[in-house]
Amino acid sequence: MTSAAAERAASLLIKYREARALTERLCEPLATEDYVVQSMPDASPVKWHLAHTTWFFETFLLGPHEPAFRPYDDSFAYLHNSYYETMGARHPRARRGMLTRPTVDQVYSYRASVDDRIAELLSTELAERNDLLDVVELGVNHEQQHQELLLTDLQHLLHQNPLRASLIGPAPSPSSPGPTLELIEHGGGLFEIGHDEDGFSFDSEGPRHRVHLEPFAVSSALVTAGEYLEFIEAGGYSRPELWLSDGWAAVQREGWQSPLYWERVGGSWQRFSLYGMLALDPHAPVAHVSYYEADAYARFKESRLPTEPEWEVLARELSSDGQFVDGGVLVPVAPPSGSGFAGSVWTWTASPYSPYPGFMPAAGAVGEYNGKFMVNQMVLRGGSCFTSASHVRPTYRNFFPPDARWQVTGIRLARR
Amino acid sequence: MTSAAAERAASLLIKYREARALTERLCEPLATEDYVVQSMPDASPVKWHLAHTTWFFETFLLGPHEPAFRPYDDSFAYLHNSYYETMGARHPRARRGMLTRPTVDQVYSYRASVDDRIAELLSTELAERNDLLDVVELGVNHEQQHQELLLTDLQHLLHQNPLRASLIGPAPSPSSPGPTLELIEHGGGLFEIGHDEDGFSFDSEGPRHRVHLEPFAVSSALVTAGEYLEFIEAGGYSRPELWLSDGWAAVQREGWQSPLYWERVGGSWQRFSLYGMLALDPHAPVAHVSYYEADAYARFKESRLPTEPEWEVLARELSSDGQFVDGGVLVPVAPPSGSGFAGSVWTWTASPYSPYPGFMPAAGAVGEYNGKFMVNQMVLRGGSCFTSASHVRPTYRNFFPPDARWQVTGIRLARR
Amino acid sequence: MTSAAAERAASLLIKYREARALTERLCEPLATEDYVVQSMPDASPVKWHLAHTTWFFETFLLGPHEPAFRPYDDSFAYLHNSYYETMGARHPRARRGMLTRPTVDQVYSYRASVDDRIAELLSTELAERNDLLDVVELGVNHEQQHQELLLTDLQHLLHQNPLRASLIGPAPSPSSPGPTLELIEHGGGLFEIGHDEDGFSFDSEGPRHRVHLEPFAVSSALVTAGEYLEFIEAGGYSRPELWLSDGWAAVQREGWQSPLYWERVGGSWQRFSLYGMLALDPHAPVAHVSYYEADAYARFKESRLPTEPEWEVLARELSSDGQFVDGGVLVPVAPPSGSGFAGSVWTWTASPYSPYPGFMPAAGAVGEYNGKFMVNQMVLRGGSCFTSASHVRPTYRNFFPPDARWQVTGIRLARR
Amino acid sequence: MTSAAAERAASLLIKYREARALTERLCEPLATEDYVVQSMPDASPVKWHLAHTTWFFETFLLGPHEPAFRPYDDSFAYLHNSYYETMGARHPRARRGMLTRPTVDQVYSYRASVDDRIAELLSTELAERNDLLDVVELGVNHEQQHQELLLTDLQHLLHQNPLRASLIGPAPSPSSPGPTLELIEHGGGLFEIGHDEDGFSFDSEGPRHRVHLEPFAVSSALVTAGEYLEFIEAGGYSRPELWLSDGWAAVQREGWQSPLYWERVGGSWQRFSLYGMLALDPHAPVAHVSYYEADAYARFKESRLPTEPEWEVLARELSSDGQFVDGGVLVPVAPPSGSGFAGSVWTWTASPYSPYPGFMPAAGAVGEYNGKFMVNQMVLRGGSCFTSASHVRPTYRNFFPPDARWQVTGIRLARR
C-alpha cells in the first residue's frame, strides 16, 4: 500500500460519488412511469440503466474484493447483466421493458446500498490496489456512458407519445450563426494514433500505432440543420444515386424523410427534444442522422466523411485552441441544467469499428466490454451535449450501427 | 319523465359507483410500475383500462347528454379509444405500452372527474330517459368486462418477470375432489336460444331464435388439471393426429407443452397466478388452455366440445339448481378477496362466433361493440373466477381467437 | 366378388383414366418452367400437383392392395405427401418450389407408371371390393380437386410476372346482361341438409341432419363485376365501418383496393386471367374477392351473405330447373377448351367450416382429409368455371380462410 | 483509330467469346427446371444470370454504341437490371424466382442475338475506341464474376432438395496432406497497395496508395476441414466467448453447428457439393464458413484474421513463386471439368469493405458497380475454385456480408 494509491482511492471515491449523484439528478424530472418502459430493443428503460450500472460495480468491484461478499439480491444478476456472456444467463435485452419489478424505489435502495458498500470498501486499505482502482475508474466511466444512453433512450421513449411532453425547461435560445466555414487542409504523412497518455481510456482506444494518411481536408464546422434542410429540399431522400445501397433500402423500409425527431408542423420544421417541441434551429448542428444520411449528405455536397485517423490527427493538432472539437458550435439539444455536459453532436466517421493492430481484449468478463462489437458498426468521434465532458478526447471511439439515429449524431465533411 | 325512470336512474347510479369502485379496488395491490407496461399486443396496460373505460362513459354518455360538454383533455380520445372507427383516429393498439403519460395519478384524476360529472348528470331530470340510461347500463357492463381483462392482462404481465411476483395473498386451499363425473344425456329437439328476458344483455346475445339440436350428451363437470395432466403424460403435445391442423402448427410454432402458466419445477408441476407460484391443484378445473388444446384434449378422450346451443339449452334446464354452471367446481385462480366474482373457468365451445339470424348491430359507434369481431373467433360460455357475477347467464357469448390462452379458459366435454 | 363390383370397377377405371388425362391436358399449354415455381406458401407448383395426386393413388390404393407393392421411388413419399401426419415426415409446404428434381419428365414417367399399375390392379378380381373401390373414387375426386387448384395456382404464378403472359386463347366474348335480379323469399322451417343420397361425397358433407331456418331471402343472381365496381367507386375500400375488424386490418396490411387480378390500365379496368389481360366484363360475376370483401360488399348493400344451410335448402329446391346454381351467369374466367368444367364462381357463405352433428372422420390417414381443417375457414358453396362438373352438387362444402383471394370466389347476397 | 485499338478489339472479341461460351458450358449439366428457381433472396436463378449478363452488354455497350440500337425486348430492362438505380425501375431482387417467362430457350436466343450484334460491332471501326473497349472488358469480367455466382447459387439451390442430387462427376480424389504449416513473419513498414499496373481492374481496387503496417505474421496455408473439425469438437459453436456479439446471435438464430453443406451422416461428416454428397476431405481447406465463423475459429486458435493490406503486401512478395496464393492447397470443391477455374477458397480478411483514399466511382450507371456496397461487408482476398483464373490477383477485392456462407469462403490465420 502506497500513499499514491491511497490518494488515488480518495480521488476516485469523489469521482464515484459525483458520477452516481449526477445519474440520479438527471432523473429528477421523471415520473415513476417514465422509468419503466422500453421504447425499442436497442433502448433500455431508465430503471434498467440505474440498476445495471449498480450491478456493474457490485459484480466487478464488490464481488471479487469485498470481504464476505453476498449479492444484494440473488435475482439481480439475471435481470441486470447487459451482455456479459461470461457472467451467465440473463434476461433478454428486448424484454427489459417487461419488468415492473424491482420497482423504482427498490432500485434506488439497491443503488444506495451499493454506494454505501463501495464507500466503505474504498475507505479501507483493501482499496489501495491499482487493479481494484482500475475497476472503479472503469465503472465510473461506464456510469457516465450510461448517463448519455439514459438521456437518448428517454428522449426516444417520450417521442413515442403523441403528447410530445416537455421534460425540462426552459428551452435554450436559438444558436447564432457560426464562424465562416473553412476547409482545413492537411498534408498527410505518417502519424501515431490511439491512446497512450496518462489518464483513463477504454481498451479499444489502443494500442497506439502508426498510420499513414494521404493528404486530406476536413471542414472546420459541423453541418448545420439549415444546411441539411437544403438536402431535404433538393429531394435528397428520393434520389437513390446519393445513397449507399443499404442506406437506400433503409430509407424505403423506414420511410425516412428527415432526421429523427423532425416534424413538419404547418409550414415549418420543428424537432422533438427533452424540452418538448422546438422550432428548428438552422444554425445548430444537425443531429439524429444515421450514418447512411451523413454519407448521402456528403455525397450530395461532393464530399465524403472523414476517417477516424484523419479526425484524430486533426483533433490533436487543433485541440490546443479548441478550434476543432467545438468548432464554434453551440449546444443544440437538451442539456440538463447544471449537468456538466459539454460538446454538441457526435461526428460519424467513414471508418468501420475495427480493432487497432495488436488489440487484445482483457481477460475475463470486462474483456467483453468493446471487442465483441467490432463488426457492423461505424465509429463516431468527438462527443455530444449528452456526453460526459471527461470523455471528450481525441482518442475516444464511440460506435453505432449505420442505421442508428436515436443518438446525438451529426456530420462533418471531408474532401480528397 | 317517469318515476320508473327516476328509480332506474337511481339504481344505475348505485351500480355505476359499485363498478367503478371495484375496478379501483382491484388495483390496490399494484405498484405504479405495474400500471404502465403492455406485455403483448393483445393485452393492455392497467392504466389504459382505467382510462379507456372512463373515456367510454365520457364519450358515449357525457358527450351527447351533458350540457355544455367539454372533453376532459383533448388528447384523450386519441389515446383511449379502443377500436371505434366511427370515433376517429386512435393510438395503435400494439403501442399502448409506450405511453408513460398521462401518469397513473392523472388517470385517477380523470376517473374522479368523470365520476363526479356522471353522478351530477344522473341526479338531474335529464337522466330520466331510457336511451341515456341504456348507455349507463352498457357502460357499467363494459367496465365489468374490463375488470376481467385487467386481471388477465396483469397476470400475463407479471408472468413476463422471472421474479414470479405474488400480487395478493394468501393463496386458497387446494380443491377437494368434485362429485363423480356424469354424462348428462339430452334428447335434442327444437329450442329457442338467445336473450329476450328482462335485464341487460349485449347485442350479440340476440335475437332470440329457434335451433334444432340432434341428441347430445355433455359432461356434468369441467375437465380438471389432474385429468389434463394425463393428456400431457400420454404425449398429447407430440401427437399430431389429435390436433386440428392450425392447432398443431401453433404447438410447433409456440413450443407449447402444457397450459399457459404451468411450469415444471423439480419433479412437480406448478402454475403461476396472482398469488405467485402455486402447486398444481389436480381437482381444480384446468385453465389457460387454447381452443386448440381444448379440442385436442376432447379428441384424446374420444369426445368433442359442446356447441353453444347445446350449452345454452342445457344451462337453462339445469340452472334452477346450479347443477350445471358451477358443477361442483371450486374457484381455481386468484379471486381478489371480496371482489364479488363468481364462477370458475370459461368453457370453450365448438361454435365459431357468428351473428344470430336477424342480428343487426346498433347504429353509430356502439354498433361496433361486437358485430365486427364475428370472424376467426370461437365462443366461450359460462364465466370464470374473474368474471362479474352479473355476467354469468345462459345467453352470454364471450369470444376469443382459437390460440388465445391468457384468459381463464377451460374445457367441458360433449359426445355424439 | 359380385358382378356389381366388377361393373363398378370397370366404370371407375374409365373415370380414373378420364380424370388423369384431363389433368395432363390442362398442362398442355405450359412451358417446363411453368411447372416448377411456387408463387406463395398457399399455392403449389404444377409439378407438385401432378406428383402428389399420383402419390395419393400409389399410397392409399397400391400400397395396401397391390401384391408385392414397392414404392416407385423411396424419396417420393417425403416429397409429395401434402399434409397426412399419419404418413410420416414430409417436405415443408412453403418450400415445395425449391425442388427442381424430380424433373417434369420424371414426374410424367411416375404418373404413367402408377397409371399402368392401377389399370392392372383394377382389371383383376382383387379390385372387386368396395373398400378398395371407395379409395379409387376418392382418389378420382381428389385428382379433380387438384385440377382446380392447379389452375388457380397457375394463374397466381403467372400474375407474379410483369409480362402478364397469356397461356391460352382466344378469350371468350363478354357476357350479356343476366336476367333481372330477384330476391327469392323463403319461409324457413325445419329441413334436412347434408349428403345421404347415392353417389360419391366427401366425408364432411355428412351426416345428414336437421336444421331449423328462420325465414330468409337470397338473391337470384351472383353479384357482377359492374355492381362491385360501384362499391369501389363509393370508396368501399376506405370506409372501415363496412368491414369486419380483421377484414379492415387485411385491407390496410395488404393494400387491397380491388379484387385480386384487377388493374387500372389508363382509365379503364382490366383483369388478369389465363387468357392474359382482359377488359373487365361488367356482366360477369365478380371473382377473386376474399370473404372479407364479400362481407363488406354485402354490408354496403344493407344485406348479408347466405349461410350454408340457407344455400343448400334453396339449391335443392331450385336445382330441378337450374334456376339457382347457374342463375343466368356466364363462365367468367378461363375455361380450358373442352375441359368439361361448368359453373361460374364459388359463393362465400356466412358459415364457418365446422363439423356437422355426429361427424366422425374415417380411421387412418384419409381421416385427415377434411376434419382437421375445421377452424379458421369459411364455407364456399356451388362451384366455379374451374370446378369439375361432377362436384357441383347441393351438399359440397368447399372452404378457404377468409383472406384467400386466389380461388375463383364470388358473392351472392341474402337478407333478413 | 489506331492499329493498337484494332488489335485490342480483336483480342477482346476472343475473350468475349470465350467467356460467353464458358458460361453456357457451365450450364450443360442442368435440367431446364434447374435454371428457374431462386433458393433465397441473396441468390438468383441461373436463367437470370444468363439474361442479366447479356442485358449488361446490351445496355452498356450496344445501347450507346450500336447504330440504330433497339432493345431486344422492351420488358427485359425491367426484368434483368440487377441494381442500377440509374437505369430505372426493376423487378424486385427477392422475386426473381417468380419469373417462368422468358423461358430458358428464349434466354438463350437473347444471348445469341446479343452475341451476334456484339461480334458485329467489334468488327467495325466503331469499336476502335478505348472507352467502348473498356466497357467490353468490364463486361467480360462481369460475366466471369457471374460464372462464380451462378455456380454458388446453383449449389445452394440443389442443397434445398433432400435428394442431394449430383450435378457433375466423377468426384475428385481426396487431398493429400499439405506442406507443414508455417507462420510467415513480416516486419511491417510503409507500402503501396491497390491496382496501378497494366491490365484490367475493378474500380474499387484503386487508387493505389500508401499504408503503414505494424509487424505481423500470416500462416502459409489455409485452415483445413480437419483443423476446423477440432473447433467443432471442442464445442466451438456453443462457446459465446469465442464469438463476436453479432456472430453469436447468428449462431443462435440460424442454428449453425458446422459450415454450410456439412452433414453428419451416421458417424461421419459429409459435405454437399456439385458432385453430390462427398466424404469430408480433412486435408482440403475448410469452405463455406461465414466471417463470424472464421473470426471465432481464429480466436479459438489465439490468432486473428489478416487485414487486406497485410494479405496484399504478402501476396505480392510471394506471388513470384506461387508460394502464397495456392499454398499447396488442392481444389476442394466441384470444379467443372475443363472450366479453366483455378484457386481454392476465398480468404476472409479482418477488413471491412471501405473506399481507398481518393476513390471516386465512375460517372453514370457503371459507377454503381462497387461503391454503393461499401458498408456492412467484409473483404475477401484470393479466389476460389469457382473463380476465373484471370481474377486471381493481389489487388482483387471481393466482399460479402459477415453472415454469408454460400460462397466458397475459407480461413487463413494471422498473428500479432
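We just call them A, B, C and D in the order they show up, numbering each chain from 1.
In the analysis below, a contact is a pair of C-beta atoms (placed from the backbone, for glycine too) under 8 Å apart; a residue touches a chain by one contact, two chains touch by 3 or more.
Keep in mind that this is a model prediction, so the values were computed, not measured.
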Tell me which chains count as touching both subunit A and subunit D. none
Give the label of the chain whose average Cα location is farthest from that of subunit B. D
Distance from subunit B to subunit A - Cα centre to Cα centre, in angstrom: 47
What's the distance between the Cα centroids of subunit B and subunit C, rounded to whole Å? 38
Using mean CA coordinates as chain centres, what's the gap between subunit A and subunit C in Å? 60
Two or more other chains in contact with one residue: find those residues in subunit A. none
Which of line, ring, star, complete or other matches the graph of chains that touch? ring
Give the pairs of chains that touch; include all such pairs. A-B, A-D, B-C, C-D
Taking the complex as given, what residues does subunit A use to touch subunit D? 83, 85-86, 190, 209-214, 216, 240-241, 243-248, 291-292, 295, 304, 350-352, 354-355, 357-358, 368, 372-376, 378, 402, 416
Which part of subunit A faces subunit B closely enough to touch in the complex? 31-37, 39, 47, 75, 78-79, 91, 95, 97-104, 157-158, 160-163, 165
